[in-house]
Amino acid sequence: MSKQRKWQVISLTYSSNQSQKDNSANAQLFKKIIMDHYRNPRNKGLVEDDEYVTIFLRNPSCGDDLTVQVKANGDKIESIRQYGTGCSICCSSASMMSELLASKTLTEAAQLINQFYLMVEAKPYDEEALGDAISLQGVAKLPQRIKCATLGWKACEEALGKIQEEQADDSASK
Amino acid sequence: MSSSLHECCLKRSEAIRNEFPMLSVVENGHPMVYFNNAATAMTPKSVINAMTEYYEEYGVNIARGVDAIGYRATHLFEATRVKVADFLGAERSDSVVFTRGTTAALNLVCSSFGNLVVEAGDEIIVSGGEHHANYIPWQQLAKNKGAQLVLAELDEDGKVTPEALQKAMTPKTKLVALFHISNVMGAVHDVKALAKVAHDGGAYFVCDGAQGIVHDQINVVETDVDFYAFSGHKLFGPTGVGVLYGKYDLLKRMPPIEFGGEMISLVDVYDTTFADPPHRFEAGTMPIAEVIGLGKAIDYVNRYGYCAMQRRVEYLTSIAVEKLQAQPNVTIYNPHNYASGIICFNIEGIHPHDAAGIYDREGISLRAGHHCSQPMMRELKQFATLRASLAFYNTEEEVERFVEATEMAGDFLDILF
Amino acid sequence: MSSSLHECCLKRSEAIRNEFPMLSVVENGHPMVYFNNAATAMTPKSVINAMTEYYEEYGVNIARGVDAIGYRATHLFEATRVKVADFLGAERSDSVVFTRGTTAALNLVCSSFGNLVVEAGDEIIVSGGEHHANYIPWQQLAKNKGAQLVLAELDEDGKVTPEALQKAMTPKTKLVALFHISNVMGAVHDVKALAKVAHDGGAYFVCDGAQGIVHDQINVVETDVDFYAFSGHKLFGPTGVGVLYGKYDLLKRMPPIEFGGEMISLVDVYDTTFADPPHRFEAGTMPIAEVIGLGKAIDYVNRYGYCAMQRRVEYLTSIAVEKLQAQPNVTIYNPHNYASGIICFNIEGIHPHDAAGIYDREGISLRAGHHCSQPMMRELKQFATLRASLAFYNTEEEVERFVEATEMAGDFLDILF
Amino acid sequence: MSKQRKWQVISLTYSSNQSQKDNSANAQLFKKIIMDHYRNPRNKGLVEDDEYVTIFLRNPSCGDDLTVQVKANGDKIESIRQYGTGCSICCSSASMMSELLASKTLTEAAQLINQFYLMVEAKPYDEEALGDAISLQGVAKLPQRIKCATLGWKACEEALGKIQEEQADDSASK
């Protein structure tokens, strides 16, 4: 199943009025995607490499934590690593984030992070852009789990901020 | 403030009186006249109901786990923090710490921040008009640190003018702690000007808002206070809850003084890292129902608006003062301070508690004593005084009854028979 | 205990269920099953009503002045102190200090008494089974004083035996602080035996009764504990209030840690003399409604009797444990501790918060997390666990629904759809 | 008006069923007695004399205070002094106490103090014994003022306790 195809299915389902059956078929697909990221997390494990910016975040409502590492090259993200202890929503979301944002520009990544926030807050968002992450749209009706879903994205957001700071410092000192 | 009532409406409004169940209490055979609002205000039904609702529908602990019912409690609790921040004009809600009350809030600033910044040889300025809650902590801190407690001079209204504060400032002044409104004299401080004097002199400014919050809208950003404390129960809210506002960067520097659940980040065997403010200062189970009740009290105040309440209190207080002054044996110590609803007085030759006995017999509740401000009593050269304190829900008729009872005070022994 | 109900009556009694309004809450379409009683218990109507009555009829401040309405509030407040003392088997009511909760009570002992008696080189014994509220204060005190924090060994049930405590004691041991009942493992300490070991070794004994007070009648004189702390909200009472019991002669030696109204004797310009305990430790306006509510909660417990409650909790817990154990993927960490109603468990391969999501969907409220005891999690080698905690008002049907939900936990992603 | 006579009137009034008029006559008399003690306090003012035991008590509900000094000779009270800031009930009561207990034995004084406590707690007590102090019987219906009325008596009670301790110490050391 190519990425392209997954997107199509999804946007199809969500732009038309769906029957109960379509809905549950959709749910099955989303569940598969989430479970896949949960069981086979992408980019999992940290590296000891100074070129990465490392952010450690704790979810205060449960005590779980997550570390995200981002390496950029100019205005492009080169690699994202993630590691933590968290629930299925948190871990799968971090995995999706790491996959989606890698190789994006800093600006694109920031926009996608925002799209993700919009989605989980039940606001209009760009379905096409979020890749596998739209499988987590159900979080919008579980406000108490928003922190789980966004932990990885928040960490990445902080990392991007830090990268931009560093780059600004670098260019200033040049 | 478009939804607030005008004075005329407020005056007529039976509806307001109905919102406060305690206004229908009968005391010693008379409908009670409650003129002790500065000690504890009455609580409107909306506040009581909100707390009952908590206990009946979602009376669970907060910030622990992720179930729906816990989320409702946590959400309402944290939403109240935002509401308080808005109410105070604060820029961020995480500069709002919930405490047991003003006293706990001021003690927190003192033992955490005060302890951090005050050193031997420093000076701490307070006034003789402070409530003990904003006096003793600083006094004890000064004593323990080898710092000096300095009393800024009060003017005849019982307040510290910016000039007086300026006079008390020295290069050693590290911190200034003053009331917003005095609970004995009802004097209103120019908080913004005082904070400026303190800051210009390189000192921090702590404001005790226990009375001020009731009668005078504060904006913590405009006035630039570093800390501001108040209690729920004086603001038509419940007992057991209060607020410490602090500038976030100052809170951030402060160590916690109570340790327990929900204020930690990581507990290792021999050390602990603490959560960020405000949770760093909120150890253990918080007064959840009370915080939610406080939120409703703030809604109440916002609905009526400070403006309407203030006008009403000033009006009632001014007629009470005028009528009392017509009695030759009454001395009023604060004849010019209408804004707070506080009238501080004595009746010649009658011990204030004896007079209070007569008021009580007549169903009038007011306070006699040192009002938790022995320094102020010394300034007034009195052991104790009477204090009537009015709220916007009081009426002209009640003022009338109060004045009549004052005329009977000489018969204080009658209460024994 | 003649007026307490027998188990059979208790079991059948619809009346009991009706006394707790929260039992009728519908959660996610199901009648809520509340198995989170160790976090915060439900509140019976009698408690809620008593607080409403306070706010509606005599919602005034206490211990200030001498009018009839203030007397009623003061009298009920102080009568609750006597009630608490009786409830604890204390000899005198002035050894009962009201606080914001267990956390505040333990912090008070630690910052006042602990700070007074612990010196560099001393040892303080706690256990890895403590709640953060009875761990971090001692840890930080030890750190600040240059004393040593020592962890007594836990047995497999999660408790410190008198022998284990004996082993941990040295001539340097100055203070022992242990739970009465553990909030994670539900283990019940033999408080009397532990206090004796501590005292024989010349150490003071502080007991965290937050859970113990709910399930096990304490007699502070018989057990000879030096301090005992508990919260209202776990004992079917309100939030915002707790109790510190202390032996009077120890309280008498302790300096206050909060300063303000009603805790002073005389306030001079540069120093203050403080009131005797307990008022020395009760600065400012107390949680008045909450203390009165706590008194009603104690009435409630006295009316039903510990005995009937205990039997009911043990019975329900034992069937829940038995049924859970029949599920191969469930690990119960405390399979032998029925008395506390606490079941600490995990479901293999499922993050506890994911499981909690399913329970929540099924209308079952329980807790997932570290339960404010990261040291205990380390002992269990878990990041977090699930904790079901039962109360006497729970039913067999609720246990059944809890077990059924456990079987569905594998479908945790379903909650998203 | 001799003491003797006052007692008679009072016990008369209180041992029969009274008409409204009697009652108010009685009230007038009682008020006079109290006011007399309030305006012309007996044994007021402290002395600097080591033979006196001095007790300082504060009424926590109002902050007023009272100092009582007692000098005993053997088992007899020789003199009582009192001084304080308090309400009419407190001050008059202390004055009455000082008058009633002076020249009593320690045991008698302790008993009278108890009788006074019984009276203000609305319990049966010996009217004949309390002298002027029965004018304060109305305190029984003002529970919030009991502390005012008993402050002087409590202070004296403490002083008596101390005297007995000292005497016990003295005879033990002999």
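Residue numbering begins at 1 within each chain, and the chains themselves are lettered A, B, C and D in the order written.
Following the convention adopted for this analysis, contacts are C-beta pairs under 8 Å (C-beta built on N, C-alpha and C of every residue); 3 or more make two chains touch, one makes a residue touch a chain.
What you see is a predicted model, and the numbers here were worked out from it, not measured in a lab.
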(message) Going by the touch criterion at the top, tell me which pair is linked by more C-beta contacts: C-D or B-D.
(response) B-D
(request) Tell me which chain's centre, taken as the mean of its C-alpha atoms, is farthest from chain B. (result) A
(request) Round to the nearest whole Å and give the separation of the Cα centres of chain A and chain D. (result) 82
(message) Can you compute the centre-to-centre distance for chain B and chain C, using the mean CA position of each chain? Integer Å is fine.
(response) 31
(message) So the centre of each chain is just the mean of its C-alpha atoms; given that, what is the distance between chain C and chain D in Å?
(response) 47
(message) Centroid from C-alpha atoms only, then distance chain B to chain D, rounded to Å. What do you get?
(response) 40
(request) Check each residue of chain A and list the ones that touch at least two other chains. (result) 62, 145, 148
(message) Touching at least two other chains at once: which residues of chain C meet that condition?
(response) 64-68, 70, 353, 357, 368-369, 374
(message) Which stretch or stretches of chain B touch chain C in the complex?
(response) 21-22, 25, 27-28, 32, 34, 36, 39-40, 42-43, 47-48, 51-52, 55-61, 64-70, 100-104, 106-107, 110-111, 131-133, 135-137, 139-140, 142-143, 149, 151, 231, 233, 238-241, 257-262, 264, 266-272, 283-290, 353, 356-357, 359-360, 365-369, 372, 374-375
(message) List the residues on chain A that touch chain B in their complex, please.
(response) 58, 60-62, 143-145, 148
(request) Mind listing the chain D positions that touch chain B in their complex? (result) 24, 27, 30-31, 34-35, 62-64, 85-89, 136, 138-139, 142, 145, 148
(message) Quick check: in the complex, which residue numbers of chain C touch chain D?
(response) 63-68, 70-71, 74-75, 265, 275, 279
(message) With touch defined as at the start, can you tell me which chain C residues reach chain A in the complex?
(response) 351, 353-354, 357, 368-370, 374, 383-384, 412-417
